[in-house]
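Shared between the two complexes below is chain A, which has chain B as its partner in the first and chain C in the second.
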Partner chain A sequence: MTPKIPLLAAAWLVLKKDWQIEWRTRARLTAIIFFSLSTLLLFSFAVGPDINTLRAHAPGYLWLALLFASVLSLGESFRIESENQALTGLVLTPVEPRAIFVGKVFGNASLLFVLSLVLLPVTVALYDVDLSRAPLQLVLVLFLGSVGISAPGTVYSAISANARARDVMLPLLLFPVLIPLLLAAVSATRFTLQPDPQEQVGGWLKLLTAFDLIYLSVGFLLFPKVAEED
Partner chain B sequence: MAEQLAVEAVDISKRFGARWALARLSFGLPQGRSLLLTGHNGSGKTTLLRLIATASFPTAGTLRVLGHDARAGRDQLRPHVALVSHASFHYEDLTAAQNLTLSAKFLGRGGEPNLVPELLERMGLSERADSPVRQFSAGMRKRLAIARLLMKAPKVALLDEPFGELDPAGIKQMEGLIRELQSQGTSVVLATHLVEQGQSLTNERLHLAAGRKVDAS
Partner chain C sequence: MPPFVPLTLFALVVAAIIAHVAVPSVRGWLWKPIAGLGAFMLVALWYLGLVWAPPEQFMSDVGRILYVHVPHVWMALLAFTLNVGCAVAYLMKKSFVTDALAESAAEVGVYFGAVGVTMGSIWARPTWGVWWDWDPRLISTTVMLLAYVGYLALRSFTEDPERRATWSAVAAILSYVSLPIVWFSVRWWNSLHQVQSSPSTVDKPMVQVLRWGAITLLCFLYVFIVKRYQIARSRQTAAMELPPLEAPRPEAA
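So, the complex of A and B:
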């Protein structure tokens, strides 16, 4: 193809368009913030008042809250594309489907990343964790995890957008694929919030990065098949 | 010298599940000529337009548009083919101006500051430029879709029921736009139930019944 504009420039336009729509409605961000706050609150009540248990479970609950919120967020991300067949409109404009993939992944990831930052002070309040141990590494873990959830999530939400039972289909497709990434994300988060005498966080960060690259590469290759009708 | 064809279909078929929406359809449309597509609901008009637009691809047969195979050459084709369909392709939560600006940027025309305001003015949407499309009537959505088609300056324009939802002034304007596109050498494929109106705007006619070409009379 001879695209009118380069792939990354088109991806940037797709990303900006998603931000523009989100800024206008703020529906998605509001929904996922309240949903994940409720999740964190319920988990903290379920664990009970023991501080050590709360601290030990905080990384897992934080990522569970992000995972559940991501399903809401990813579903909404492709609802706006299926309304009026806007995705088809983009493809016919023409916009390279891979540019749409890159733009949507980082649009979804940015929303999840913002959510994770919003949840951090709440996690401190509810689980008494210490963010000052390795704050930059923690932010990096949250960013890599958000990208890792969004890459396959974007492909699967595009697949399930026009399905009859899309709300059921998305988590069914997505959760099994995300298990290795979430294990790495939870472990990396644990070692940024708790003592890490054996300096394991570096290894988990590399694993997270590797998962991100695998998910991004597979999605980049597959997305044109998903975005275009046969 | 052989006449160059804007659209050439040879035995094309399209199947959705067990149903054949188009069955072994063949026709040719010379460049610069216009085609009226008629037929009852479900006869395959929209499917055919979507195939020509490369929104979908034939299950069997060969479809060539502007000399390119519709599937293999879709990347070369898409900049030159525009479709106004039942689905408007707009983002509901963006304004009319934002939707058109987005298209302009994707088309590499983001540096033309007057492009979007002029198109909105032309389609009578200037006063609602900053309203989200969600608040638009069906007729206004159609006008916006046409503005997007004009922005693309296509070689093949595909219009699916272009008069639907438009008021009398809009219908008159649409007729003028179709004639203007034709005068610029654009091949227009027009699907409509308003046969007389359609015939006055086109050179050729293809009548479909159950996905097959039939005698219009």
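So, the complex of A and C:
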């Protein structure tokens, strides 16, 4: 029997594989970028051209656009594995299923993170937000939020990829769980972009980190059970 | 009433459910006296809640919905706790018994939760002047309901029984883990909310009627869950007894 590859090395291989698939076509990233661009535009049409309202609610629009895009991107993440039963092959390799989880989470998170970086200049153009207040903190919030969406999202995506009506299933399962993340990410972004007189941003950042850690560990524990049934 | 009584009652209900699941001879009759007790207590609850208990100091008669509204949400929480217990048990040792029990607990929990939230909304209209308010308890309960509606949808959209059981168990655990985080984050997000009542701030007869209501609904919780469990079990047996789809046809003579 071949010796098992260490978990992190295997996760890195899965992550590289996902990046490679993505890089060859760039289809998923292009699709979600244009999808969230039009979502951001739609928000401004729905609210009206008042720049003060738009600026005040920009963090919410940004995260909703990311959330909607994440459903498309997460659904795709395991759909590509169901072609030619690639996931079965992946599970059969002498690799812990948990490595697949870790690799997939960070694959999905990196995609969302890139998307969020692309959307930032758009929010400046559409909503006139000021990014220069604390750029590093903003990047941190975007990163933590992307990981937070991907951690439960990866488990649910693996589940719904094989269920009937999977396009409805994923948001139905994912959105209720993501409500705390949405609250924390929007508030943290708001207090990063706008004045924070009561210094609340620290608390929301802690909540974001806690959410990430909780769902990374729960997913890490439960993912092998899901992969078994695929 | 000493503080350990509610927990003891819940433990009794769980014990009765386990007895129903594990001991076939109990299955036929145990639910009948409990259903009878529940029906009797419900009739008494109408009198106790509507006539006997004093009107609420600020809300007058509107506050009487408390005696059914609060126990409904409690029952939903208990049912979801039972559901996640079954989910963990299923993942540790695969068994269609725990799967059927998880399904019935979730469905009964969604029923109690939906009724509880609706009653809360009816209560909020005359009290707060709005049907809906961003109160943490209200939002947390609604999010919990949404999560379990998703759970039930996942169950009905998955054909393979083993997949359905495993996936829904995982979904149940993920949803249950989210409950305290939702509660905490919503409370933080909207920090203007009314302070939760405790038995020491509420008039004594009202506490007693509330507890009476809780025990009444606990009886119904038991009956609903075991009846729904039997339906789930018969569906499982029926699904197993069905001939396979690609059954070889008998040779024509």
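Some points to look at:
As a convention for this text, the second predicted complex is superposed on the first by the 226 of 230 C-alpha atoms of A that agree within 3 Å, B and C clash if a C-alpha of one lies under 4 Å from a C-alpha of the other, contacts with A are read in each partner's own complex, and residues count from 1 in each chain.
Note that contacts are C-beta pairs under 8 Å (C-beta built on N, C-alpha and C of every residue); 3 or more make two chains touch, one makes a residue touch a chain.
This one's a predicted model, so the numbers in the text were calculated from it and none came from an experiment.
Contacts of A:E229 after superposition on the shared chain: both chain B and chain C are touched. By the touch criterion stated above, A:A86 is placed in contact with chain B alone, chain C being left untouched. Counted by residues of chain A touched, the larger count belongs to C, out of chain B and chain C.
Once chain A of one complex is fitted onto chain A of the other, the partner contacts of A:L213 are absent, as it touches neither chain B nor chain C. Once chain A of one complex is fitted onto chain A of the other, the partner contacts of A:L8 are absent, as it touches neither chain B nor chain C.
Of the residues of chain A, those at positions 229 touch chain B in one of the two structures and chain C in the other. Across the complex, chain B is touched by residues 1-5, 10, 13, 17, 20-21, 24-25, 80, 83-86, 88-95, 229-230 of chain A. Interface of chain C with chain A (complex): residues 91, 143-144, 146-147, 149-151, 153-154, 157-160, 162-163, 166-167, 169-171, 173-175, 177-178, 181-182, 184-186, 188-189.
Residues of chain B touching chain A in their complex: 53-57, 75-76, 78-79, 81-83, 85, 87-94, 98, 102-103, 105-108, 132. Put simply, chain A touches chain C in their complex at residues 152, 155-156, 159-160, 162-165, 168-169, 172-173, 175-177, 179-180, 183-184, 187, 203, 207, 210-211, 214-215, 218-219, 222, 225-226, 228-229.
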